[in-house]
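Structure first, commentary second.
Letters are used for the chains, namely A, B, C and D, taken in the order the chains are written, and counting of residues starts over at 1 for each.
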């Protein structure tokens, strides 16, 4: 299967490890990535805050360039913010004729045109889970992540807002959980899995962001997670790069590495840490990774108390989609 | 009959510039947005209060408030709103109106956005190092103790470039953006 | 003979006259429209004076047709037909034109309104010329009534009918009657015990000579028409012979199989494979659940059979079908509680100490799984703080847009019970407090005085992720306190979700089976939302209780009683008139192609092999007209909506449409051409 | 309304149980809609004989709306499905005759949907207004569009004949 690939600005520098590990696992799974030639920034959350038509033009150029690539109908983005921007522009152009007209009028100045709906825009996590599938992933695992307790951290933008018929639950998705279980890790039921990492607040109002980051770290620590696993460069950056400042600010001593799900898959497929860009995170992951392959270590008992005879039955939950 | 959307009102202005925002007039004032907001505690007004103020035509107070600028775009409010109000998108609209009319009190957030888009318009890509230095050196440097060491940490791990990337089609991109801006769409 | 048409245009106060120039319209009708011998405008046509005006004109002016241009025929068609009838004119020679609903209330431009009124009036006059005298059929009303659903509304309806001396068949899906009310502990605002007021009524039903109770049974099929319905009931196999069972309960005691009770105990408690939902169940006979029973699963056990003193267990029993003949049907099928897992941010199903309102009712009930103790999911710990979340799945476009009407009061009741039994701090999170009925506001006041806390704000999320000291091990309820404009995080031990009342999952199928309709939300539709709340569009079919919309116990009881009163009225008159709007087949024109035969969902069309023609059974025909439209030979006529009548109405409604001008215009027959 | 604006005349067949009541509700709720629509009551959308539609066009209507209960909610159980089939066939016939598809509309409106019905009316009036007066002869030409419609018509007819079985 062949995909147009939109790495986004972060993956060229601060999140380069995400790019490396993405390319590595996609190759292993036989997913052909064709990087969009000369793509530009998606505008993050900032451009739309200043100029609407410009923001649509910015994203529109990427969509137009991708749709010109031959034989490609699927566009994959590993960055959640890029993914949302691409998807939202495609969606709104399709739903609101005025937006379609505005965007294509701007694109025409650069000799480009984009027909909404001509690309299927997807997040890398969805591609891995849906197109490769849990069974095929499991079949390729050579180093089960036995004994590694991981907190699956989705962040906001993979599952929200629900546009274009996103299927995952916007509040409590489980596909990353299941993916990590597939590669042998122990997954903690991370209650803050879709809570905000602080986004750009780390630049605008550090205190606001620090508290959000602290909350996430505290929760992961409460659940004895060895590492937080994320699927977005912004999440990784905020939780990893600001961890020491959060510790200084609150007098805490969190030391939780933050890795990408692609890196975890790569490890399970037997790849070397270095080729997956591991080692470039600010909070070192050595201790966590040392656990893999060793004899099953003592794992702290789950926090939830055991049920006894007196206990009332738990309600039955809907089938997970 | 009084139509709250009648042209000329602040409410109609905000609705007109936001796709799908007609639902704003049905706001229940239930506070799900304000309760869900990660930066809610630091906002001048909760989103819910802002909507009541928009309805009351308190244009100046709304546009000068820090609320839209403190939106982290996590979309919790939007997926939880019982009235399907596109709250995050409304925040973007308020920011654009505020920038256009230079109606904001706290300069940090708008300047971050403008610095960011400045690099995008020059290079076609964002430039983290340039952005960090330009923005942080001009914005209350005292608050940013620790930013220096952080930059060093990232640099030492090869996660920050000291020069900006520039796309080849930057001229094409500028033409697109110039045309877009000529539409003066807010 | 040329018809003499009288046209009456109602002012409806200013409702019509304020927009449409009624005087000019009357003048125009008289001057222009064919056969109009008089045209009057009058302040209120529906008043007795207005009706008398029509009656006098019929008698004195010799009118042979009447057109009343007023409100919707759904409101006053009967009124004016009766007036005609009083004056000796066949009521079906009268026609109504809806000037109010279709013109004056929906049109701003007065000129356009006048033009539209002219077209509608022209259509009515042209149509009425072709009306035919019709006679409604009089049929007897069977005095038996079928009541479907044995909750409080169905119980009330059944008892009132039975006490009045009429036979009732009460069909209940579950093993016992009682419905949701039987699950409740206390009732607001008086706090009397639900069982104490309900169980006497239940045993009245059980012992009433006029009530034939069929529990653990469902209505499979309903056919027929008002006064004369046939219903097929499937009595599900109980595997217990009701004639022999004494209800001693030894089988239940000896049954080794314990399963979670998802229905009566809403998953919070257990029952045996042979069970009675609750001790005061009516009827007293238990039921063996085939799905859970070890014997049915593995072929051995039969413990119940061994111990039964009267040999009432019968594993060979099969579902039994009973055919009933009834004159009227009352549907009281109740509601389902919203599935709270659909709002994952409230954690139901994931966070152990989040409960639904029905779970809490069972917990509070002394006969429930905790014997009335309010405890956390561990079964032992008493909560020190409890949060009540209103509007879970109500007032929410994503789930149910409507207000569920009972949750505010339930929350107040729960608050009282929690504080009384545990002394815990209770906080209610509401959007708007709606204590709407008698003594409800006083109850709200009482709970405020008792120290219950109220936060105005819809809860954003419930989480077990502690953030601040004091939150560890708690459920943190996060909401904006909208009266302060601040976000608050309130740590509690227990959360109770006041889930929405929803139409039954199978309400649509039920509606289809009985031939009634549902609203967009799925509630059964009443004939008129204000003036006819328990009747439906289908004569002889009534609705009561929460199947019609969310309501509390007093309202459900009132509707049950109202439906029963309507049925009693039908029975005491003894006969009912059936609208003569039915289809008929002209044998000479029928080619026997049988296209119509399969179009009729009521099986009203038979094919006569010997004559090779189709024929319609008027008693079964409901008058939809689908066969009429389908007949290639135009052999089928739909009374009151026949081809010529509809065509004439079309010609009238387009009287002013420009014809010719390059179009394939067809000249109208001169007799029907407007005089102008 | 300027004199230049073309004001179409649209006939609407409304079923007695749902759509006609939706129109009543629109009235009761004082929802204003375009006066171009003129309503005729039938007991069921299944009563609408295709010839009524053709007749309406012949008599000078610029558009025809057929409105009934939502599928699955028919007062007569399932007769609106029959209306749906006839509508499909009829639209092909009209295409063949050179009538623009926007001139015939099938609309579901339950008794509770006054707002939806009035919105649908406004929408249809606007669309037909833009089309201008109906001109059958003017629209006719033997292009692929018509030929395709004729072919489709035959298929539809064959399918429709299979229904009762």
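Just so it is clear, a residue touches a chain if its C-beta (ideal position, glycine included) is under 8 Å from a C-beta of that chain, and two chains touch if they have at least 3 such contacts.
Here the structure is a predicted model, which is why all the values come from computation and not from measurement.
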item	value
Chain pair with the higher count of C-beta pairs in contact (A-C, C-D)	C-D
Closest chain to global C-alpha mean, per-chain Cα centroids	C
Distance from subunit D to subunit C - Cα centre to Cα centre, in angstrom	30
Distance between the centres, which are taken as Cα means, of subunit C and subunit B, whole angstrom	48
Subunit A: positions in contact with at least two other chains	171
Subunit D residues counted as touching two or more neighbouring chains	none
For subunit C, residues contacting two or more additional chains	345, 461
Full enumeration of touching chain pairs	A-B, A-C, B-C, C-D
Residue numbers on subunit C that touch subunit D, as the complex places them	72-74, 98, 100-103, 105-109, 112-113, 115-116, 119-120, 123, 508, 511-512, 515, 517-520, 525, 537-538, 581, 594-595, 597-599, 601-602, 622-626, 628-630, 638, 641, 643, 646-647, 649-651, 653-654, 656-659, 661-666
Footprint of subunit B on subunit C - complex, ascending	345, 391, 395-398, 431, 456-461, 478-482, 485-487
Subunit C-touching residues of subunit B, taken from the complex the two chains share	28-37, 40-41, 45-46, 48-49, 76, 80, 82-84
Partner subunit C, residues of subunit A touching it in the complex	169, 171-172, 189, 191-192, 215, 218-219, 222, 304-305, 307-318
Footprint of subunit A on subunit C - complex, ascending	260, 262, 267-270, 339, 341-345, 348-350, 352, 356, 359, 363, 369-370, 375, 377-380, 461, 463-467
